[in-house]
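Each of the next two complexes has chain A plus one more chain, namely chain B in the first and chain C in the second.
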Partner chain A sequence: MVEKVEFKTYREMPIRPMTVTDMLWNRTGSWRNVRPYYDFKTSPCKAGCPTGENIQRYIYLVTENDYEQAWKTIIDSNPMPAVTGRVCFHPCMSNCTRGEFDEPVNINAIERSLGDKGIENPGWMKRSKPSKKEKVAVVGSGPAGLSCAFYLARQGYPVTLFEMEKALGGILRWGIPEYRLPNDILDKVVGAIVDSGPITVKTGVKVGSDIGLAEIDKEYDAVFLGLGLTRSREIGVDNEDCDGVHPGLEFLKKVNSGEKVDPGKKVAVIGGGNTAMDVARSALRCGSDVTVFYRRTIAEMPAIREEIEEAEKEGVKFYFLSTPKEIVAKKGKLSSVIFQKMELGEPDDSGRRRPVPVEGDTFEMGFDSLFPAIGEQADIDGFSGHLETEWNLISSKGEYGETSNDKIFAGGDIVTGAASVVEAIAAGRKSAERIGRFLSKEEEPVDTPDTVVGIDDMNTAYFSKVDQNRVPRIPASEIRGTFREIKTGYTAQLLHSEADRCFSCGVCNYCDNCWMFCPDTAIKRNKDDYEIDLDYCKGCLVCVEECPRSALSTREEGR
Partner chain B sequence: MKKVIMGNHAVSYGVRASEAKVISAYPITPQTHVVELLSEMCANGEIDAKFIKVESEHSAMAACVGASAAGVRTFTATSSQGLLLMHEMLHWAVGARLPIVLANINRAVGPPWSIWTDQNDSLSQRDVGWLQLYVESNQETQDTIPQAFKIAEELQMPVMVVMDAFFLSHTYEIVDLIEAEKVREFLPPYQPEIKMDVNDPHSFGNLAGPDMYMELRYMIQEAMEKGIDVIKRVDKEFEKVFGRGYGVVEAYRCDDAETILVTSGTVASTTRAVIDEMRDEGISIGALKIRVFRPFPFEDVFEILSKAKKVAVIDRNISFGGHGIFYQEIKSALYGRTGIPILGYIAGLGGRDITPSVIREIADKALSDKNPERYINWIGVKR
Partner chain C sequence: MKQASIPLEEYMGSGHLACQGCGATQAMRFALKALGPQTALVIPACCWAVIDGSFPHSCVQQPIYHTAFETAAVVASGLKAGLEMRGDSETTVMAWAGDGGTFDIGLQALSGAAERNEDIIYVCYDNEAYMNTGIQRSSSTPYGAWTTTTPVTNYKRRPKKNMIDIMAAHEIPYIATASTAYPHDIIRKMAKAKEIRGTKYIQIFAPCPTGWKLAPELSVKMARLGVTSKVYPMLEITENGQKLEVWKDFEPSSVREYMKPQGRFRHLTDEELDGIEREVEANWQRLLAKEKMLGSIPGLA
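Take a look at the complex of A and B:
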């Protein structure tokens, strides 16, 4: 306390009713019984991303024009944003809070823009030196293998990457058509990953036949298996081996390698997944008239919704509740297909209603080519005896791809069955981290649960409705005869306009609301954050209430 | 530059020329044009001021209090119910000694709802402690704004400039516009000795015990008493730069007048015409316009009225259960020093027109009525 001031006459008093001394002795923070504190939470996009990209952060960095840091933020959890920005099924966007407000932020398109900027700026990629002596073998150079190799190299482990084909990329190269993922983009992405650290590439070597798994196990300190699914599933009807019937994946592989393919005038594609869509749309681009046959309805199709819609827009025809019953061949060549009509029965294990044949209801159609695309299987015959398998997949216990062999890890489709690129990337990275701990004998980290925020945590009064910025694309009428990429990507203006739509859920983006609203001016604005001056914060919690994004929490005093 | 403008815009141009830095207001008929034009001036950069939009007049005055305490020239405008909603903050502005200028467009108070003029809104704020200046023309309106800032800043007291709704606010007259560059010769930029400053923290408006409160009130009264001289001097300084002055009161043909009509606002202009007409008829009559109501110019009023034989006060207001409010002040100015009869007339409430014939009726009554009700005579009431 300061001394009390006595005035002898009013002339000694200030004209205004005010204290003569300062009031610094009066620390009104002592009145507080509850305190606010900055408490950044997890945004639902990040929680929904299999590889846990810090999406809020990189979108914020875009708004700050710091593309390099934005790109590096992605690279910390995904080494190929230029790929996922094109082919990911973006569960982040299904989770986006904005989706419950107007439309989700187009995270996928933002990621692609950043991925492309990474390609334009090869200098952004940090080069890792071999700092560890333990060697790791990575088998398969699809998304899982590339991801695992990248994050192992980043830790300084010398990696040998085995690929049975002549070029790297796996499913990205052979399974995804150029109109979705151009080869030159993939080449640059793969090149950047391989050049980023001590990665030795061995192409044309099939582990399990050219070189035994046991041999690799012996030579390397740890092994990661990311082989994916490379064998097409057969329909299981007669004449499937006749001329004119080819696995869809094989067709895609030919098309993607630049081979001139003529599937003929009339093409049938069997299946409802992404491969079926890719095959159908590729055949369309080769000049064929394409019909997709799926044994359930459009609602049960596992393909990305957008891919189905685009296929329809481009002119692919669909027959639902139809499955091939018989392939009719003339002189060893496909002539027509007899289809069995189906109807939906009771739900199966996947929760989808099981298709059952409608007795006596069949129809026949003539085709030049038939491409079954009903799924792929693993090719792991060569591993038998060395690893536990189940349903022709490698069994993994734990979330890091641990197998029955301590030194061997596995991830991606080879463990999960047909899944997604991003899940394979996540699996590769997690195994790389786990392998690092295994080789350096580090303890496993303790999992801290995330607090994920949602629309109810937002103060939506601060947001106004703004439509999502669509990605510019070439018109559907111009797709025939070309494999040109459909989506041309965001312009800088669209990129920023879309980034500005992000709510930054649960994480401060320096909007200044707390700072402006604090009636006690107890919030100090620093260069990179805010600070609450608890000497003066009376605990009114206006800051917490007015934070649009739930970046503050409260705690009772004395507890 | 001369321009034909409405009274409300005369306020806006006065504020522009005074280079106010913060304007916060809430729209209300008949004041709206004032802040509408000011907001445009803020938006297009004609005036370098922050326009703070608010949700009520109470908030408008609160914003002005904050801005003025922070040490910048601050303005607001309102009317009727708006002024009444500000009441608490009007007290604050006085107690905190903040030189805010407010333009009040006199509008009758509801219910019954009325948008037309009378003075009860501003006069019901009589005891709050704001200086009150009543103007009668668009030119005087514009000129009074910079004067009000100068008076306010010198006394560290808030000033209200008061004008009639519609008869002035919406009436177009020729106004010789004053420009900021020239006004600066008269009104220098506001540089307060005390202001809120984060680098020199004090508590403002803090608790004062019985040992101090009265002294602070004494200082307010002291400022008010100094006010008449300050207003006169400021008016002279203004006249020196612009060639126009208005005084604290204006006597019209009063020197030899046996009867004097006391008026304020636009009624003063009408009264002058009636005086001329009656003088032509040989009647010894004059008029006194009261421009400054708070502080009340007791001495100036006494000096002029004490020479007359009869005084008639026209009030466009009423203190219910008392008298006309100007009437009470005049009586108080003359009390105990003369025996002149002082007659009170209530006219023109709720915007009823006070035409020359109404004023003539009042004058005739004052001259001839042998037994007037004296204190409170209602004019034109349908009884």
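Take a look at the complex of A and C:
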């Protein structure tokens, strides 16, 4: 197209004053003093996700109807979206830019839909072959252990997965009730992970007693400990061992294994965490009348807000600022509980206000069952001498779960204390990556800081307010006597409608604004991206300003 | 990649002589995408007489007839008549003039063509002053604006001429305003105009970063804020001036937000800005009242 036209004399000029060529000879790029360039940044949802799921990417792929690639995008950082899509406390959503505009995108529900599609399409899971000779032992098959085993197998390491119970899943199986995470879903997720590569499963083996840690240390080239917290904490009052008082986690385990349990007519649950909520709502489903007692107020409860709200909606009663002072037993059986009223004092180390007893203010209530759910502890007595521990947890030196023993790595609740499923998954994956580098003697990668975009970087003129699509659920009136899953999940239509709400912060989603508004026609629209023609870009930066999602940046010329 | 949201075909190439962030250039690009290759342009003296390129080059693929300042409408009428005489009734003829060549110098020719209802599209890309010759005031320059002929101490103290009402008085089949911030809307209106026989008048709000003393990257933003602050309402007048539709479905913004980034308004005091705000609101209410009034006359749609 570029044709230079030169006339030596007027005779060479065309007889009619007509255009003979275009203006491409005029390289207006030389006018420019600032240059725009495509510069994709990190969306806040990804930055907020402990396991760093590329959320923007998979939501974009949903809008493109490419569920398989969307699912594979999640699997790169989390092997169980069908689980996290149900039980995650979704910090991604608290970080969502859209939350500052109208309502956050329901990332959790989108993740669940994709996780379920992964279960429907087992062929999507790539099978990895054992390509390495070094063997790795993974102890514990909760979220941390499963995640670590999965990412080790993906790298080609043969993994032996030790589990003390008869079935895999750990806290996912024994601690989370079926109405939140159905067993058949968990079975399929666990099955897919175990089948994805060279993973050998040894159930019913408790490391630390059935087999020593030293033995495993000797037999394997590396070890990952993801044991979780398995011992329920005691309240520390008299008669705690009487009939009718059971640790909450034990009750959940019975219920989850399908055992018929009758906790009686009146049930008290002690605690304000997620386990307490799970116990309370499970007891409700067994037909009991449930009251939760918490020593602080609702504002200090560590449970996921949604869980508390749902428990309330379903009919769980709450007593705040009350803690059991005495358990009254008759003939070795629980009859009533005397509670001490509390008030909030000075803030403690966690920043929450410490509850202090109100002298002389007590009350008594009769119960058939009492379930303390005030936290769990690690069961690592068998490891003493082999590993450094602190506060009955395994001490970790670095962010990849390195312990005092070079060959042994640890992650999840056993290192952090009670945390979340997604944090355990992240820890398992990070350790798997670190173990791979340890075994292949690879250098540690250099961390490049992410540029995270926020609402102020967005051009919100291109967005309009749209309410979040609520997840369909069974009515609260229908929950008694059944452990049927509460949330029925998005329909295809709701899934797309919700995915369309994503701002795609910091990453191009081909909205065409830059290409469309360029006054110099200097942006080329390729098949998969856009390209700035610097021969003609005058540097007006309209493209940068009109990009709704801050996917372009600028640089001064000559610097 | 998703399907493009506006036509992919490009009729305006790179290398043209417009300033950085030129709204008039964006307007041309969108208009040509809507009208397609079988279009002839008539351009009088204005920015676009320069932007297009120097003879024998042109950044536009469609033929352009460059003409004298006051004659865009009448040359376009003649061109259309000539094409008809040769049996070509397909080619769209578009006169493309700035606000000086429309509101002031070319008004008589435009009025004549509109009165005869010549089958042309007349587009005024409105950047609110004679930008090409060095930012002199035109009758389209808004109240309060600085230009080189209305310097700061003596800024323009007359309101912008209501060109839309003048055109509506000619009872032509289609009149519309548009803004470079809304390409889909420009394309829709141009495509609609192409299908209508008779004189079509489209006035496109096209920011001029140079003449407005504005950072070039804010060009589209100003085109948007001009609309959402109600300074430059988007409207369509159809049925020979009998039906008025005003676009109201937007998140309103303040007049100050629109005026603040523009150097041409920098000298205005708070009191003067208050006055302009009141005037903008009054104009808006008048416009809505007119829309309602036209819609309520029995026998009219």
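Please note the rule applied: the second predicted complex is superposed on the first by the 538 of 559 C-alpha atoms of A that agree within 3 Å, B and C clash if a C-alpha of one lies under 4 Å from a C-alpha of the other, contacts with A are read in each partner's own complex, and residues count from 1 in each chain.
What we mean here is this: contacts are C-beta pairs under 8 Å (C-beta built on N, C-alpha and C of every residue); 3 or more make two chains touch, one makes a residue touch a chain.
Because the structure is predicted, anything quoted here is derived from the model rather than measured.
Novice: So in the superposed three-chain picture, is A:358 touching just chain B, just chain C, both, or none of them (first/second/both/neither)?
Specialist: Neither chain B nor chain C is touched by A:358.
Novice: Taking the superposition as given, does A:23 touch the first partner, chain B, the second, chain C, both, or neither?
Specialist: Both chain B and chain C are touched by A:23.
Novice: If you tally the residues of chain A touched by each partner, is the higher count for chain B or for chain C?
Specialist: Of chain B and chain C, more residues of chain A lie in contact with C.
Novice: Who does A:492 touch here: chain B (first), chain C (second), both, or neither?
Specialist: Neither partner.
Novice: Which of the two partners, first being chain B and second being chain C, lies in contact with A:298: first, second, both, or neither?
Specialist: neither
Novice: In the overlaid three-chain picture, which partner chain does A:533 touch, first (chain B) or second (chain C), both, or neither?
Specialist: It touches chain C, and chain B stays clear.
Novice: Using the touch definition from the top, say if A:15 reaches chain B (first), chain C (second), both or neither.
Specialist: A:15 sits against chain B, while chain C stays out of touch.
Novice: So which bits of chain A does chain B touch that chain C touches too?
Specialist: The answer is residues 13-14, 17-24, 26, 521 of chain A.
Novice: Could you list, by residue number, the parts of chain B that touch chain A in their complex?
Specialist: 95-97, 156, 194, 198, 200-206, 208, 212, 215-216, 218-219
Novice: Where on chain A is chain C touching in the complex?
Specialist: Touch residues, chain A against chain C: 1, 5, 13-14, 17-28, 31, 64, 461, 464, 510-512, 516-517, 519-522, 525-529, 533, 535-536, 538-542, 544-546.
Novice: Would you pull the chain C residues touching chain A in the complex into a rising list?
Specialist: Against chain A, the touching part of chain C is residues 1-2, 4-6, 8, 10, 12-18, 20-23, 25-26, 29, 52-53, 55-59, 61, 63-64, 180, 183, 209, 216-221, 224, 251.
Novice: If you look only at chain A, which of its residues touch chain B in the complex?
Specialist: Listed in rising order, the residues of chain A that touch chain B are 7, 10, 13-24, 26, 521.
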